[in-house]
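In what follows, subunit A forms one complex with subunit B and a second complex with subunit C.
Let's look at the complex of A and B:
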C-alpha cells in the first residue's frame, strides 16, 4: 500500500464552477490518501480505512475548499450535482469508474459546470 | 439551391494530426498499456463517453464526429443557401461561442459560401453583460468575424439596470425576453442578414419543451421544437415573429459535448449566470432532466420528440384559426395586436405602470384598446416587415388593423427603409450613429 498519508491532487474548476471556490481556477490540494469506512460501530477506535476515491474527494472538497452554496456542487447522493462534468487526467470520468475511481498521487481532476447560461 | 452534402461525411477514423502519443495517461507515470481505446480509431485513448450513444471516443475522433453531425444537421434541414448572410446570435457563453467557432469552421471546410457576422445584444446589465461582451469581442478577433452590438438603451431608452431599478426583480425576465427577441430582429435588419442562428442545444430544447408542457403553452412548444422558424403562421397567442429566418444548428447537439468541445479546444467563453435571473423554474426543469438522463440515456431526445409530436397535432387542430398578423402601429414590428409587446411594455415603463403588458392576454387586450387611442397619433412606421399581401389576407373582423398596416406600408421595401422601422428609439438620429460593424481592431 501507499506509504504517504496524503495525495497531491490538482483540482481545476471551470465553466463557472470556480465561482464557488473564490474564483480559483486551480487548487493544489493535499488530500488524505485514506478515508475511514463508515460502519455502525462508530465507537471502535480501530476504524477500517479505504483508499481515497473520487467520492471521498467530492465530500472532502466540499468541506475543505468550497466557499459557498454547496448545493451547487454536491448532490444528495454524494456525487457532484447533475450537470457538472468531471475529467480525470484529461478523460471523462464516465470512462474511469466515476465515483469509485481510486485517486492516485499527482492526479488532475477537473470540474466543469454546464449549468451557466450560454 | 440549398447546400448539398458533397463532402464525405461518413464517420470514420481519420488521420491524427498530432503524433504525440496520448496513450500513456501521464508521462510522469510511464507508459501504461492502452486502456479505454477509442471505439472509432482503436488506437488512441478515449477521452469522452458520448451521452447520445455511449460510444467512447478519442479527442480527434470526437472533434470529427461532433463537427460532422452539425454539418449533417445543417445540410439535412437545408438551413442555408449559398450566399446567405447569417448572423450568429452571440452572448459570449459556451453555446454561442462554440457555435461561432463551428459555423466558421464548417463554412470554410464545406464551402457553404455564407457571409457570417456576430450579433450581440447589450441588455445593459453591469457586471454581467459588460464582461460577456468582452468575450464576444475577443471571439470577433479570434475567429475574424465582424460584430454588431445593439443595446437596449439605444433601442428602447432603457437598460435592464434601469428597468430593474424601476420595477424590481420580479418580471424583469419578461421585459428582457421580449426586448431581446425584437433587438435580435432589428440587429439582423441593420446587418441586412437573411438568417439568425442561435446556440440552443438539445438539452435547452428539452428543458423548454418540458416547461412549455407544464405551462400548457402549446404555441411556444411548437416554436421551441422547430429547428427553423420564419413563418408567422405558427403564432397563436401573440408571440411576435418576423420574416427573418431563425435556426438552431445545435438542436441535436448535447450540452455535455458542447462543453467538452469548448474545454478541449480551449475556446474562450464566459460563464456567469445573469445576476437578475436565477430562473428557478428552468433550473428545476434542468436538474430534473439531468437526473432523468442519468437513469434513461435517451431522455433528452425522447422529450424533444414528444414536443415535436405534440406540436404537430396542435398545428393540425389549430390550422383553421390562425391569427392575423399585422404591424405594430407604433414601431412597425410584426405583431398580432395593434401594439407589439415591446411597445406595450415600454409604454408601461415610460408611464410608470410597468405591470402593463404582463399577465393574461384578455387583460392585455383591454389595455390595448386604451393604448390604441394613444397610439393613433404616434404612428411613426413608414414600412413594414410584413408584405402588404400578407397583411391583406386578414379577415373582415381585423380589417381596421389591416388598413392601418397597408396604409403605413410602402410598396418598395428597400433596405434603407427597412432600417427605419426601428422606431422605438426616441431619438431616431441615434440609430444612424449606432456602431456599424465593428471589424477587427
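Let's look at the complex of A and C:
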C-alpha cells in the first residue's frame, strides 16, 4: 500500500473555539502525513521525517488555519493552551496518547474550550 | 355492591336529567374553590417569605447544618405527589426514598441553578441547599426563571428558595446567601451528599472541585455560554476530578462571561435540567457503572448533543491523585488570576488623566468641535444602540480598517479621535492600536466607563444591556 502524502482530517471546534477560526465549526483539512524531524545539522536534502502526530497538527493548524490571536489556541509548550480539551474520534485525547498520538486518515479531532458561564 | 347498584340504575337515570348536571357543576366549582384557595395560600406564602427575607435581622446568620433526619417510609402525601415517579420501573419506592434521604447543594442560583433547583425540589429531594451571593436583576430573568419581576433586588438564594418551597413544601430548602470561598466552603460542602456546580466563574469551579475531592462528594458540573453547554460529573466512582482534566486554569483573558459573550436563556436551562437528572441518577444509584463522560450541547449545531468518553482519575493529579499535594483549600482567586464573580473587572491600561470622562466628551460634543468618534464594540452590540455620528469598527478588526478612520480626519489630518466601547475596557487597547499607527496629528483618547457610564451620567434614555 502506497503511503499518502496527506491525511484527510476533520477538525471541529466548539465552546467558542470556532470564533478563532472564522466561526467555522468544522474544517475538512488535508494535513501533511509526515513532518521533518528537526535536528541540529540541517545539511541534508533527505531529511528524516516522522508520521504526523497531534503535536504537529496543533502547530500546523495554528499556522495554516487560525485566523486570530494564536495565544488563545496554542500554549508555550506546543500543546493547546490551558482550558482546551482535545477529542480524538470522540474520546478524551488522554485515552489515546495525547500529543504523541499518530494521526490516521479520516480521523476526527475536536478542540473544545471549557465554558465557565452559567 | 355492583348487583344492588344495577337494580337501582333505571330509577336513578330518570331523575338524573335535571340533578346530575347540577351536581357536576357543584363538584367543578368545589374543585375551582380548592384551586383558588391553594393559589391564595401560595401567594400568602410568597408574601410572608418575601417580608421575612427583607427583614434580614430575622434570618439566622449561619444556616443549620445538622444531618438530614432519615425516614424509613414515605407518607401518603408523598406517595400521592410522587406517584408518576413511583410507578417507574428501576426507580420506584426505593428511588424516591433515596431522594427523600438525600441532601443536595446547588451552588449558584443563576441560569443553570434555576432549572436545576426547581426540578430537584419538585422531584422530592429531602434537603436542598442553595448558595448565591448575588441579587435578582432584570437582565437575569430571560434565563433565571426561578426568580421573577417582583423579586428584583432580592437575594437570589432567597428568591430561589421561595420558588422551590412554593413548588414543593415537602422539600426542605436551606438558604446560603454568601460568597463561597476557601474560608467557608468545606463545612458547607461536607453537610451535603451531592454538590451541583451551577456557578459562573473559573475560581469557584476549582474551589468546588477541591472541596468536593477533600470532602468525598460527587460534583455535577454544568456550564453554558452563547449557544453551547457542557456537563460532566467529577469525582465520582473512579472518574476524573476537574483538575485531572484541567490541571492549569485558563488564562483570565480567555474566559468569557455571559454578560460579555451573551447566552440564549434556554441553553443554561437545558444544562441545568441535565444536572438535576445526573444528581438524581447518583442519589438513586442509576447507571452507576457507566464510564465517566462529558456531554456537549450545541444549540445551533445539527447534532445538538454529543457524549464523549473521559479519562479516569489521574494518579498524578495534585488533589485527587495517589499522593496529593493539596490537602486543604487554597486561594482560588489568586490561582485563577480572576475574580470569583462573573462581573467584568475594570481595565487600567491607560492613566486616568490621559482619558476623557463622559462629561468632558459631552462638552466637546455640545461645542461641535470637529472630531471622530470611534465605537469599537462588536456590530451586534452597535446595532442595539449607539451615539449619533459614531463610526463602528470592532476592536479586533481595527488594524485592517485604519484607512476608514483616516478618511474622517479632515484636510489637515488633525482631527482628534475619541474611542468608546461598552464599559471603557476595549477602548483602551484600541487607543494603543491607533497610537501605533500614528493616524492623526490630533489627540487620541478614550471615554472612561464607556456607554454604560454615558447612560448613568449624561443620558438616562440611552439604553443599557
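As a convention for this text, the second predicted complex is superposed on the first by the 112 of 118 C-alpha atoms of A that agree within 3 Å, B and C clash if a C-alpha of one lies under 4 Å from a C-alpha of the other, contacts with A are read in each partner's own complex, and residues count from 1 in each chain.
Keep in mind that, in the parts below, a residue touches a chain if its C-beta (ideal position, glycine included) is under 8 Å from a C-beta of that chain, and two chains touch if they have at least 3 such contacts.
Quick caveat: nothing in here was measured; it's all calculated off a predicted structure.
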Partner chain(s) touched by A:94 [first = subunit B, second = subunit C, both, neither]: both
Touched partner set for A:85, first subunit B, second subunit C, both or neither: both
Partner chain in contact with A:25 - subunit B first, subunit C second, else both or neither: second
Touching partner for A:112 - first (subunit B), second (subunit C), both, neither: both
Partner chain(s) touched by A:4 [first = subunit B, second = subunit C, both, neither]: neither
First (subunit B), second (subunit C), both or neither touched by A:68: second
First, second, both or neither for A:49, with subunit B first and subunit C second: neither
Shared contact residues on subunit A - subunit B and subunit C: 14-16, 81-83, 85, 87, 90-92, 94-95, 112-118
Residue numbers on subunit A that touch subunit B, as the complex places them: 14-16, 19, 81-83, 85, 87, 89-92, 94-96, 104, 106, 110, 112-118
Contacting residues of subunit A [partner subunit C, same complex]: 14-16, 25, 68, 71-72, 81-83, 85, 87, 90-92, 94-95, 112-118
Residues of subunit B touching subunit A in the complex: 25-26, 28-29, 36, 45-49, 56, 91, 93-96, 199, 201, 204, 255-256, 258-260, 263, 271-274, 277, 283, 286-287, 290-291, 293-294
Subunit C residues within the subunit A interface of the complex: 108, 110-113, 198-202, 205, 222-226, 228-230, 245-251, 253-258, 261, 263, 268, 294, 296, 298, 301, 306, 308-311, 314, 342, 396
